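The two complexes that follow have subunit A in common; it is paired with subunit B in the first and with subunit C in the second.
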Partner chain A sequence: MDLPSALQKLSTFRARNTRASQETFDKGLVVLKGNGLKKLGDESWSFLEQLALAAIDVGRLDIADRCLQLLTDKFPGSPRLDCLHGIRKEVTESPAAVLLYYGKLLQADPVNVALWKRKISVLRRIGRIDEAVAELIELLDTFYTDVEGWLELVDMYCSVHQYISSLQSLSHVLLLAPQNPFHVLRFAETAYTAGDIPLAMKSFLNVIDMADADEDAPAEQVPSGFTIRAWFGIKQCACRLQRERITSPSQTAVPEHVQLFDELATERLKTVYAGRDKSDKEATEVLEWLARV
Partner chain B sequence: MFGRLLIVLGAAALLHAAFSTYEHLSYLKALGRLEESVPNDVTLEALVGLFLGILGASLDAPALKEITWASEMKKRSIDEMDSRLGFANWSNRGSTLLGESYGKGQ
Partner chain C sequence: MVSYTVSHQAYVKMILHSAKYPHKPVNGVLLGKQDGSGQVTIEDAVPLLHNWTSLSPMMEIGLDLAGNYAASKGQQLVGYYQASERVDEVSLAPVGEKICSKIRESFPDAIALVIDGKQVGSESAALMPFVLSSGTSWRPASSSSAPFTAGSSFALASDASPSRVLTLIRETRLHEKFGDFDDHLEDVSIDWLRNEASMDPSP
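Up next is the complex of A and B:
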């Protein structure tokens, strides 16, 4: 693997916040050994941060320490580096010591968002989830537009099975990032888990609507990406609505023609899986299930 | 490849026409007949150079990309959208299981 393609892949990872730690580490090591730091110039510092985190994630603390040393030499006393040192401490020191470290830094600078998020993450990890939720709500009161924070709150509520609160947090996410179909998909799936099937059906249909916003161009023939998951959701909702009498806690109306939705979802899923290779076990299982249900 | 060739030919034609104009104007200056215009074939050569250059640049353009938001979203995954790196858990049981030897390379 050569240097330019590795650099390009790493910058894509940085832009899209991907956490593919093993791949980042392998490519980052190539860049580090191949003298890529000089080529990157100003971007080498964010690259070193990315490589340090990936190295900590795969368990290569020697490389992580080397990157941290290079960064500390260049930027002594930077708050962003305090956060990285905290993450490094989280791996080897006890949670109490780490919380003390973050507490001291937050006393000096109470609105450092990165450190606050690390503290909340440590609290969640050691099981003090009620404190973590309280701190996170305080953070979101201060910084309302932090989508990452709202998504973390959604995940925390889901982990303790409080799906109504999770849906309320997700509605804030949808306010802040309305054009992202993945958040609507999460809303739909959480509503289904909470038992509100008509709301879930409506949200799944919203996701499909977002998939092809251009009404003049023809819709694509085979669904791909998040739309497959949405069609599965519609199929599940339609099956349940036909089998049982469902009332919606949010008073969402049950859609008419549920039978037609069932047939449409089955047909769309068949086009996805019928085109695959005969040896694909997943495809044959799904097609069997579609024929049965 | 063909596009690049056309761009080179167009540039060459244009440069040749420019040089011919310069030579012709210095010839006219030497003879003192400054009222005459540049001959027709030089103008024609310049226009041909322009046409070839436009054709070559259009053929050599990179492939078109999708512009809709929906098509961009189809290429993303849930892991990217939900990564929440600010809250991510970077520690694992390695230091407890392996003790002092955790974190060193082979």
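Up next is the complex of A and C:
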């Protein structure tokens, strides 16, 4: 692995906030040992932060501590570093000690979002989910536009099976980031899990709409990426709507021609799998499944 | 007394799945057979989700496809497995209880295996078996000897599996080639039912 390609990849990870810790760590080590810090110039500090986090994730605390030392020498007393030190403490110190550390820092700076989020994540980890939810709601009251925070709340509600609350939090995500189809997909799957099949159906169809609006290509193309997941969802909803008597807690109307949606989803998914190579045994299995359900 | 044996292939697949997404919860189903004397052989594992493990639509489809696949090989769904994103968490998630209860409808001796993150790095089986205790509540299997030790009703087909899977992860990075149903839904060329690319022929 050469230095320029490692640097390139790491910068992409930073920009996209990708948590590929093992790869980040391996490439980061090349940079650290290959005298890459000088090449990075001002960027070297965000690189060291990235490597420290990845090293903690893969359990190489020696490297994490080396990065932290370099950063501390450069930025003594930085609040951003306080947070990184906290994450490092989370590995080896007791949750109580870490909560105390975050608590003290938050007393001095009550609106440090990064520290506040760490505290919430520790509370969640040790099972104090009620407190974690309460704190996160308070945080979102202050920082309403924090999409990441809302998604964490969505996930916490989901983990304790409060799907209606999860859907409500997701609505805020949809308001704040309306152009992201993954959030709509998640909304659809949560609605399905909550038993609101008509709402799920509508949301899955929205996902398809968003993908179509996004493409310049002709509409008759083979579905790919997240639209495949959405078509599977539509298929599943259409089957349920035809088989069972279903009510919608959100009073969403059942589409008029459910059977046509069923046929359309089947046709769309068939184009995905029929185009696969004959040696792909899984494609055959999915096609058989489509023919049967 | 029902007893369970976990094949090398099933063990490897479960651990590879948890190693591919160490910071996420993962789950999947167990495929196998039961003989006349009650002995259950867990022959294979099919990995399902890592994204939204407590949401049900893709889980329902995945279960259906995995069930058909099992039947085509003369096997059936005999259980469920999961790993938590937290290394010290070994309880069965409520969603797991729900799926196990569903598998139980067609296989009364269904079992759940929870991957014990603290044990994965050791030479012994990193699995915690859960069985139905009463009604709908699942509890860690209780017996006079600890699971996966001599005299317990849970065993690995090969004692070498735990150390072998560590070699596969650390040296050949086999987990990077591994894919589940969630991966497949993003890229349909990913072979999640069989995972032929990450098969290990012998321990």
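Quick notes on this structure:
As a working rule, the second predicted complex is superposed on the first by the 282 of 293 C-alpha atoms of A that agree within 3 Å, B and C clash if a C-alpha of one lies under 4 Å from a C-alpha of the other, contacts with A are read in each partner's own complex, and residues count from 1 in each chain.
Here, a residue touches a chain if its C-beta (ideal position, glycine included) is under 8 Å from a C-beta of that chain, and two chains touch if they have at least 3 such contacts.
Predicted model only: the values in this text are computed from it and were never measured.
By the touch criterion stated above, A:D212 is placed in contact with subunit B alone, subunit C being left untouched. Of the two partner chains placed by superposition, subunit B and subunit C are both touched by A:R19.
In the superposed pair of complexes, A:E152 makes contact with subunit B only, with no contact to subunit C.
By the touch criterion defined above, A:K117 reaches subunit B but does not reach subunit C. Once chain A of one complex is fitted onto chain A of the other, the partner contacts of A:D57 extend to both subunit B and subunit C. When both complexes are overlaid on chain A, the residue A:L140 reaches neither subunit B nor subunit C.
Using the contact criterion defined above for the overlaid structures, shared-chain residue A:F226 touches subunit B and also reaches subunit C. By the touch criterion defined above, A:V286 lies against subunit C but remains apart from subunit B after alignment on the C-alpha atoms of chain A. Contact comparison for subunit A: of subunit B and subunit C, B touches the greater number of residues.
In the superposition on chain A, A:R186 makes contact with both subunit B and subunit C.
Comparing the two interfaces of subunit A, the one with subunit B and the one with subunit C have residues 19, 57, 125, 186, 225-226 in common.
Contact residues on subunit A toward subunit C in their complex (touch as defined above): 19, 21, 57, 125, 158-159, 161, 186, 188-190, 192-193, 200, 225-226, 228-229, 232-233, 236-237, 272-273, 276, 280-283, 285-286, 288-289, 293.
Remark: subunit C residues 22-23, 52, 54-58, 60-61, 64-65, 68-69, 72, 86, 94, 184-186, 188-189, 191-194 touch subunit A in the complex.
Those residues of subunit B that touch subunit A in the shared complex are 68-70, 73-92, 94-95, 102-105.
By the touch criterion given at the top, residues 16-19, 53, 56-57, 59-64, 87, 90-92, 113-114, 117-118, 120-121, 124-125, 148-149, 151-152, 155, 179-183, 185-186, 210-214, 224-227 of subunit A touch subunit B in their complex.
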